[in-house]
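What follows is a pair of complexes built around chain A, which joins chain B in one and chain C in the other.
Our next item is the complex of A and B:
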């Protein structure tokens, strides 16, 4: 089989693998699923076996957390072998209905949540928010993200960003309703053709704005643009970088205090993949009264919440404990009042776990902007 | 096996609030997203599965605007062979009989074994177009079909009836089948497939091209007059039953019996 003149082996540099096992040794989902990524890297060079490998259910257990890529001494990305196999299934059309509907929704409406494009900026209603126009000069162009735009639980991220940016009095504008999905999940699900289309369309779309920088609210958008959109001419930032900068220079300060123990959960797409570890911690520490705790598994060793890699639309066959449950139990053991994250997927999965475990009365899962937003209103 | 599959481009009203415009006869569609009618998606899949099994060709027919071509291209990417999109403002779209006449105009002069439609459209919910189409074509039909078996010169259709009953009927071909959702699992149309499908034939025709007399399918011809649209008032009531478990059970049973629910 060949993919655009490259063989599968060439595309994923399979012969570069030395079978050292660092990938499987660090893979967080091995504790709850059959997945053994080293086995796939070993077997996939035999092109006669690709169809058989692609049919194995465990290729859909990968959360694309990138731990294997971070740990690989040869600089390979073992997870992308699994994505390559997924793409064979996607091309056959025989994907789970939930995946099918998410992908089709990206094509038709620019988001994977089967929501109307026309409703993308409904969250702005009643807010004093600046919206960007093509050609107009703006220092900070805000990319909202599909999940934050539509999911009622995490719309607060965008709403509070508006308040924070208004408070700081800086030059900003949110993208209008023609903002489209960054393709993070399209890429990891393996819809190569759709992802190529998004790279082309979004690059052209974003470059049309006369912006000093693009600030993404989700780390999935941040890392996807940084990694896969080489022709975006505008520098990319994650919002934690911008807010950290504003706090450091004194443009943002907090009213009141928060006498809470907060443990910060490093989102895989912000930490392992985006290399942003310190800014979110500095932001949390800037809140008066906060005691910042640390998980044992933190920074590049952070435990994945299983929200990425298309897992929002693919249920694992495993009945073992979910990693988000493990994470919440760890936080409770630390004595944390709040588990803070800077990613909409992490917030959704961790909060589900917290509720499922019945810890609602004693703990809270919060996006960092949620906490900061409360402190400018105090 | 030569088949036709008729599909409709409909708004998804499950998320957006439906508001009636001030004319009282149309709805505000500014916040809607549009896609293939759900049951029609299953009809496309069934037509392609039968083609894959028995060979032959599938033609797509749809009445709809230019924007609906993305839906048609998806059907072509899934395995349909060519398509006809009909666009003509003179068609009385709110009347299933008028719609069926137009669809019949696109099919009747060609040879065919099966015509697939969805069993109902999510926007107007008439559940009549497929059956009316069979009448217009002068062929057999089976509605609400949950399973299809193609036999020699015949088709065996498993129809879903009220109360969960399944009726099995055999029809001489050609025939129209209106497909119920759940008959199969519609496949995904990957973008590369959609791009390749750009090479397939998609003809855009109006009533004159089809040879359909506009006076037979327009507002004057329609026996259905759209008087007005309104949002039904939502009424709800909840009764909390108090007492010990046995008492509660007795009260509940009495309510259910009185209401004719058991």
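Our next item is the complex of A and C:
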């Protein structure tokens, strides 16, 4: 049976659902929005109802955190039903202008931030950084990510990676400016055609490099490539795996210490979706002086920051407290000095929440590479 | 020579502004061409509107027929096609509106006549009809010449010129509807009034945007006063809308609205990448922030590094002085 002939029910395996409700029961968004994902899975059997369902505003509240998929006893991905409904809206062109512009920017410039492709590697200016050439043999090929490449707040992730990799003295090269968006947000927004194009183009582009492995700086790119790009021939790593390896083998060590209580926030795309929980924690523990705290909601139960699922371009109608605010309050209650994350979106949403709550003077939100980068300069 | 025919537009029994605005351009052109100026009204129950339109001194041709009770591009095109054959106007001017763009291009194709869309002015020089159009988001004006034709078609941009005051009264002549056949490809279904919403900040010319620096909503009236003084609308960063100081539909940024005002005054906004992406189309950005490192200053044309609560009163004082 070809994919084109699949019905909505077949595509999302709706008949596999037993309506147990574990998806909605665990969905973090339910505390602030109307979204009931179980209900959508139930109603979507009826093809005649799909249009009506797709018009409900709450389908855009899903952050694609995958909690529902992790909890589903039948191994289904309830969130993808919502993505399927979003696709219908995207197909009809009735999306928010901000979403439309982000998608168009991916198509034209290879990034969702409406930035010129030519400016993608501007962050490298003044740095001693190795850039890959096509066909070049390199052990670690670094995939930067659109957000890290363009957003000045998280460009520090890439800049610190350069410092860390130079320090470790390993064979690496960053992808040049023709690196294109991994499509993580394109997929969750539901632009199926554009996503298919990215899968095809990026697979061909990346396979052209003679690399030992591809190391992504963002967990969104890591998980998206792992899940949806079956034909990438080069093994995929997230940077926390690489740095952890370098610390374990003694290629990286820290000067000075950090007498701080750090709580680690598991990014949904790295933990629940990527299965990487221990490497970031080992990295933080390797810093002398650090006391590592744990959230109650951690690892596969980690509370989503609401940065994914296209939420950077579409606002919830809810005026209830943002999950990032809840997270920061939890961290403060634990007595954490630093909330550490290994994802650009988590850093942006959590830092915004911290500032909004007025905790700027007493707390800090940091990407792990920021903390490590400071420790090789000390 | 010849005749200039201006098609007026109306909705729910009222002439639209563009109908008057076209009367700022057409009489001047008629004089240059030495042409006779007439207007055209198509609808049902048109007496009141015809009287009003006749106040501009030009003869009003009225097609008053129940078949035109509701706008239908297909019917308009048929009627205009017949009128072009009968009246042979040298120029047919129509509004560049949702209605006008629905039939003028296909009329041009049907009659094989030249069309200039969205003109802001028309002139007649060296025996040639010329139209002015804006290009590059209004940065450049282009003058385009019509090739010689029996009838030249033009649509005029809304709000490009000010409507003139009415002058002498003109005649009203009812003409028979040239529409003979029953057209049914398009059917009028229902008229839905747009919801009366709040200010649409994407259309604002001047915006005063506040961020986390506002601190609390009791500080807002001061900012509102400043905004009123410079005829600005108020907007906010995500932090300001989250805090409930500013309505959510006035949020600027990648998850809010993309704005492009002539002036954007950013007060206490740090300028996160996601906010800046929503206001980078602003022509002039003035930013006020205590933190000299705030990223908003990277996109600001004028930077004031100081407490917004000191700057706002000083600005208000200065404005009072300038007006007083």
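Descriptive notes on the structure:
The rule we apply is simple: the second predicted complex is superposed on the first by the 375 of 378 C-alpha atoms of A that agree within 3 Å, B and C clash if a C-alpha of one lies under 4 Å from a C-alpha of the other, contacts with A are read in each partner's own complex, and residues count from 1 in each chain.
As a convention for this text, contacts are C-beta pairs under 8 Å (C-beta built on N, C-alpha and C of every residue); 3 or more make two chains touch, one makes a residue touch a chain.
Predicted model only: the values in this text are computed from it and were never measured.
Once the complexes are laid over each other on chain A, chain B and chain C cannot both fit and instead clash.
By the touch criterion defined above, A:313 reaches chain C but does not reach chain B.
Shared-chain residue A:114: touches chain B and chain C both. Of the two partner chains, chain B is the only one that A:197 touches; chain C does not reach it. Within the superposed three-chain model, A:352 lies in touch with chain C and out of touch with chain B [touch as defined at top]. In the overlay built on the shared chain, the residue A:15 is in contact with neither chain B nor chain C.
Of the two partner chains, both chain B and chain C are touched by A:97. Steric collision with chain B, judged by C-alpha atoms after aligning on chain A, is confined to one stretch of chain C among 91-99, 271-279 or 289-297, namely 91-99.
Comparing which residues of chain A touch chain B with which touch chain C, the overlap comprises 97, 114. The residues of chain B lying in touch with chain A in their complex are 12, 15-16, 30-35, 70, 74, 78, 185-195. Chain C makes touch with chain A in their complex at residues 212, 238-239, 242-244, 248, 251, 254-258, 270, 272-274, 277-278, 295, 298. Here chain A touches chain B in the complex through residues 90-95, 97, 99-100, 103-104, 107-109, 114-119, 191-194, 196-197, going by the rule given at the top. Residues of chain A that touch chain C in their complex: 97-98, 101-102, 113-114, 150-153, 311-315, 317, 319, 322, 348, 352, 355-356.
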